[in-house]
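Below is one structure, written out as structure tokens, with a few remarks after it.
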């Protein structure tokens, strides 16, 4: 089951060619991940500031299929592919006007910000992530 | 009559001290101005790409009164103070949790992107801007 | 005596009109302030992470006089105008190709990041700031 | 033969955890690619504004191996792996303090900005890219 976050392409996102400058897609992706975690059970503010948990990205593979322009509405769909003890592989797809603009996979790690080391996902988040695994993935292995 | 645009403080906005890095407030301000123009009668995409009109900022004075943190909801209110032939002075106020975080004034200029020169506001926009002038400003002069 | 920091206008800085998107000027300004503090006696890393001192901007007034384009070299000159116990008014000027592109004044405050309150400048920084006051400013009052 | 571009980690690059927010690494990567093209024979300004040629990224795979902090100096090394008629696969490595912080591969495409379609590399750039192919890559195929 995927989570969908909507972004509008802003003036701040586009480059001299009038299309989204690709690092801005990753700012949008991060905003989508933030809202995803709120739905998974813990928002980024509580996670970072109260629980002292971060979720750094350790791997990110992206195919840019079509440009996006100022004013485009982009639906960013996120779906977990594999939920480990302290990591999560997920797939992302940016769709606008019925066309996939970019897609890829990322790996997030659950990190103790004070110890600066990986730590297990909080049980509530792990449970929500596993519940969101697509049903055609037997055990969450992509 | 002020226009209000809402932004969430994102991970992308905050600095090492956990508060909004001030250039990010201006990215938010620009997003607010974009949505304001759509309401005034012409969205930024049509304005820039079809009409070849830009609205550069030529003056911006800001007081930062209180920090904003990850997860804060900010209401950005915009109100015109003076509408000239090819310029507009406006006031902005960022409020979050009932507290003003920053406020200031800016001056936008209507620019012909091809001629790279100031030009009069399109009549529809000028009319909308004038209609939004606060009633206590007799003739739009702040 | 002014401090000068040089920046190249990057693809990341420009907008759909091919000129610098104004919030990016403030990212450049902040980089200039960072390098200035290193010269004043304490770099931003040591200041923030070791001394737990931040230098938030509480006021910023800017006039944008001419646009800057991809590839332009900009010299950002900083000069203190008034050095208070825990604040510093300074003037900034962005010059490129012999032409002033933007200029303005800002006010920095010295903040204790843990107490989240203003604190006096460290003596070494206060001394360097005062030594950099222009000689035509009798007592540092602009 | 790799091209190396140096960046300082700025306040604008780091997040609430005090480490580089990963989209900022891609802004740095783009700055490195800009300077690389200048050395290859055509700077980004001339390429985009005079030749009307863009170099969008169509694929980007990254492994984030170690964080980078405020004040770190990062050497970004770029080396072509395969030079096609209108594309270029390249490898990037960010090293700081003797440690690789991130590495990956990207694919750039040579695009006619007006026709909005792929076009062959200008011969001078193609020649420079081929000359920079590592000698252990027989024909430029990674």
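Here the chain labels run A, B, C and D in written order, and each chain numbers its own residues starting at 1.
Assume a contact is a pair of C-beta atoms (placed from the backbone, for glycine too) under 8 Å apart; a residue touches a chain by one contact, two chains touch by 3 or more.
Computed from a predicted structure; not experimentally measured.
The equivalent interface to A-D, defined as the listed pair sharing over half of its contact pairs by residue number with it, is B-C out of A-C, B-C or B-D.
Of all chains, the one whose mean C-alpha position sits at the greatest distance from that of chain C is A.
With centres taken as mean Cα positions, chain C sits 35 Å from chain A. Work out the mean CA point of chain B and of chain C, and you get 24 Å between them.
A straight line joining the Cα centres of chain A and chain B is 30 Å long. Chain contacts: chain B has residues 11-12, 16, 18, 21, 23, 27, 30, 48-49, 70 touching two or more partner chains. Considering their complex, residues 16-17, 19, 21-24, 26-27, 30, 48-49, 54, 56-65, 67, 113 of chain D touch chain A.
Those residues of chain B whose C-beta lies close enough to touch chain D in the complex are 11-12, 14-16, 18, 21, 23, 70. Taken in their complex, chain B has these residues touching chain A: 10-12, 18, 27, 30-31, 34, 43-46, 48-49, 69-71.
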